[in-house]
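Several structures are given next for inspection.
There are two complexes below, and they share chain A, which is joined by chain B in the first and by chain C in the second.
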Partner chain A sequence: MSTVPASASESLRVYLPDHDLMAMAGAPAVYHCHHFNLFLDQTVDDALGREGGAQLRFNAARESAHTFLQQLCVRKGAVTPVEKMQCAMETFAAMGHGKLQVGAAAAGGAAIGEFLHYGYSWMQKYGQKVRRRSPADAFAAGYAAAAVEVAFGVPRETMDTAEIACVATRAEQCRFELKQSASPPAQVAPVRDTEVRAQLRPTFNGGDEETIAGIAKGLRDFTAGVSGDERGLVQAFGVFVTMHLAGYYNRISFDALAATEKRAPDSVGVLEELLRESGHVCVFNTFGGILASPEWEGMVGKHSGDPRPIVAGSLAIARALGFGHWTLQEFVPNKTLVVRAPATYESVYYLSRHGVAKRGPELFFQGAALAIAQLAHRVKWTEPVHLTAEVYEALFHGGALPWKVEQTQSTAMGHPFSEVVVTHVGA
Partner chain B sequence: MSAPEADDDDPESLTGEGVTVVRGHGCFRRLTWEIHLGEPPRSWPSFRDALVGGGFVDHTRLPSVWDFEAPGGHRLIVLPETGRLQLRLHYLSEPDGRPELALSMASGLARLVPRE
Partner chain C sequence: MERSQLKDVVADVPSLRGVFVTAMPDCLLFDAWILPNETWIPEDTASFFGDLVRANREGLKALKSWSSEMQVTIESADLLLVLKELRSDFVVTLAFQREAPLGMVRMYTKRLLDRLDGVLPRLEAKERPRSIRVREFLEKYAPDPHAALARVSLRTGISLDALRKPEALSAPQLDAFEESVKDILGLETLSI
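Let's turn to the complex of A and B:
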């Protein structure tokens, strides 16, 4: 982890007041680690097939990156195509996505990637034991397409990118070809910070508010100066961290669900479970990594063994990562955890893009809350913590989970807040 | 997806010259190590001075979390209040030699501890 001048990302990062939703140059944004990113991409591919999944991931990246880059270039004063392209690539690296060099114009061209977050972290995580046969960097591909569109004034979502070589498939470097799309998709209205703000309702607090708010502020201050290192990666808390576009995560999740509902309705439940599991993966790896870090110990203190501070600390982490103003409404150890938020990064997107939901669509929120309960009760924080893949398997796949989660309220359904209730199965 | 992590078979800890290094949390590719010095510093400010004198560059941002860049680009995190020391090896360090490198650096740190 290294720090660079604020121009890279810090000055563009904004938290919506009292809602702890983050925006980057007017685009909704959150922090997520490589474990979550790889898991979610894989989930989408599992649902739609390798080709369909990759296409959706590319489309989502191109759309969300276009919205982001258009505003970014305005705010950074980038005017010429060269300036705009440079602005896009520097920011890509500053956000922890790696190094991308695009040599293309309106008609198309090529791009080269080094240390791209998805491909590189896939190799680091799985490369020694698994062979991958398809490229991993749909996000970089979509970002490169959007950068060309914005830099050269090409209509939105009309550039196509193919990743023709990827380090995840053991190529020496990632290479892309860009060209004008033969069949651009129908465009839909973007979900920007403006749309998010328009639907926000009054906020509120919950239990342990002073503690949670204090830790969240400390974490936000600490992450404000964090930027990509010389590789364009952010390595911290034992994970590769990205500042990412929330629109990407939301679109691939909700569109994969919608497509599955049409094509294979019997599989929807499985996909929903996997999307909930993305919350487990995130909380276990990123929240766990932060909780186990010396930075946490220095800022907050040593762990006591009481589950409540772990719950409170986790809600603070969620806020600092831009997930929303997650509050503690009820906590009875070994029995119940109720988390409520005036909005989440999932709910605001869903409402803007899809309208009122028929059932609670915040599957990441649901899974994350369950995982917080699991982390608070099943990890011995007073002993040296090793949150390895084996520990994850034991905690989340080693038999029936001791917790169940239910979304009881959702702003995406028109309720005044979003709420998830985690209950111990034996309680 | 539940493919195995890349370095499942690595040693959990190494001991030598009175110091022990233990693989840190989330340590992929053997990069993070918790250091246990045989005899912790009696004076943390003096230890801090010794680190700087030994070529460590102070990048501390939080008063309670000292952050030093070691020669070679490695990072040393020191918590004077709890005595925790965490070594974060540079990603360009040779992967197979990282446990030994961590132990060697820990031994070097032990030698920097002031002994009145």
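Let's turn to the complex of A and C:
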């Protein structure tokens, strides 16, 4: 991981007080690693098909990036089109998404990507195992479209981008074509931190609060100066990390669910299970990578072998990554884990965009809590930890999990807090 | 064939580190012998050797260059591997020390295969349902095996329960299953 002075992200990153929700230039933001990013994109494509999935991912990226870039340029004092484009591309790299060069104006143009987070990390993770036949960088495509819209005053969500070459399909570089859209989608009200703040309820604490808050602060301080390296990537704790727009994750998840409910209602359960699994993927790779790192040992100390500090540490990591003020309400080793939050990055989006939910929609929260229980009990933290794909398979292979998770409360359903209860199957 | 027989077969072969006998067409381990100090797990490797020889055969056939005499030689960092089809029943993989002279390896390979041909039984080709072989192929090669069947279910609309017992799939379901597996693995055809 490299740090650069006055990183593009540092001065614009804000944590909403006491809720541990993060915003970047007024747009809800979180940190996620490439394992999670690739898994979530793949799940959306599985649900909607290659074209439908890519279209939704592009639309979500363009929408969330437009909201973000509009405010970013104002706050950075970028006025002219060239200043705005430069501001957008520098920030893209600083957030760990790679290098994007856009040569386009209001009528369209072209863009080139190097080390783009999705395509590059896909090749790193899967390239030796399978051949990919469709481009991977819908987020970069949407971001480029939004950059042109903001820089040249083009109406929101009216630029289209096609990725015509991608390193994930073994092209030498990623290339994009931009043009005015023939059929712009109907626009919906953006979900900014203004909308998020408007719905926040009083916060609260739980067990081990002093420990959790202290670690979360340390991690926030550590990540404050983090910025993309010379490739525009952030490589740390064994993963590629991105500071990402929460609106992107939320829209692709909830819209994929809504589309599946209409098109193939029998498949909704499987999609929900895979969205929960994205929480396993995140916790195993990112949380696990942080917990096993020398930086963690330096900040918190050696692991004792007791599962409780792993649970507390995981909740601190969740807060530092901007997932919400996750608190420990109950923990009985090998029996129960109850995690409660006054809001999560999923619930605030859902309520703003879709209104009151009929059932707990925070599938990432559910999967992450279950994975925390699994990580706390099934990994021997006192021995050298190697979090490989094989270890993941052994810990999370479907059907054999010793835990079940249930969302009992959700602010998206109008409850005063969101809560997930993880119970040992044999308890 | 009993293991003691395989041990006898390889007894006087220098530089040999292991022998894997893979039953075809299912690519299941039939028998193996490895040096006592090796940490290999034969069950983890046998199916890949079967698939490798089969893919090689199909590739050469596509190039109109296949003959039943063909064998695959792999020179890795610390191993010299020879893979050879023995009749249509087996694939035999011989793992030699990397520094073993190639001429000697070829000579002993021929000698070993002749011996094995004499002791390996004739297997009756018992074709298992294609749907089961498709599922096994997916689980073996999918990049995220834990999620592989769920991904197919989401893509095809076939329930997870049905995919776990794929022999009962209808013909259109099997087509859809196979298409999604090809797409997930990025393959034009499934070599099963």
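Keep this in mind: the second predicted complex is superposed on the first by the 424 of 427 C-alpha atoms of A that agree within 3 Å, B and C clash if a C-alpha of one lies under 4 Å from a C-alpha of the other, contacts with A are read in each partner's own complex, and residues count from 1 in each chain.
The rule is short, and it goes like this: contacts are C-beta pairs under 8 Å (C-beta built on N, C-alpha and C of every residue); 3 or more make two chains touch, one makes a residue touch a chain.
Small disclaimer: the values here were computed from a predicted structure and weren't measured.
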Between chain B (first) and chain C (second), which, if any, makes contact with A:129: first, second, both or neither?
-> both
Tell me which partner A:388 touches in the superposition: chain B (first), chain C (second), both or neither.
-> first
Counting only touches as set out at the top, which of chain B and chain C does A:295 meet: first, second, both, neither?
-> first
With the two structures laid over each other on chain A, which partner does A:47 touch: chain B (first), chain C (second), both, or neither?
-> second
For A:270, decide between first (touching chain B), second (touching chain C), both and neither.
-> second
Report for A:424: first if it touches chain B alone, second if chain C alone, otherwise both or neither.
-> neither
Touching A:39, do we find chain B (first), chain C (second), both, or neither?
-> both
Chain B versus chain C as contact partner of A:217, first or second or both or neither = neither
Going through chain A, the residues touched by chain B and also by chain C turn out to be 39, 42-43, 46, 125-126, 129-130, 393, 397
Please name which positions on chain A make contact with chain C in the complex.
-> 39, 42-43, 46-47, 49-50, 125-126, 129-133, 260, 264, 266-267, 270-271, 273-274, 277, 392-393, 396-398
Complex contact set, residues of chain B against chain A = 1-8, 22-29, 31-32, 34, 61-62, 64-65, 77, 79, 81-82, 84, 86, 91
Complex contact set, residues of chain C against chain A = 141, 143-147, 149-151, 153-155, 157, 159-160, 183-187
Parts of chain A lying in touch with chain B, wherever the complex brings them together | 38-39, 42-43, 46, 124-130, 222, 225, 231, 235, 237-239, 285, 288-289, 292-295, 297-299, 302, 384-390, 393, 397
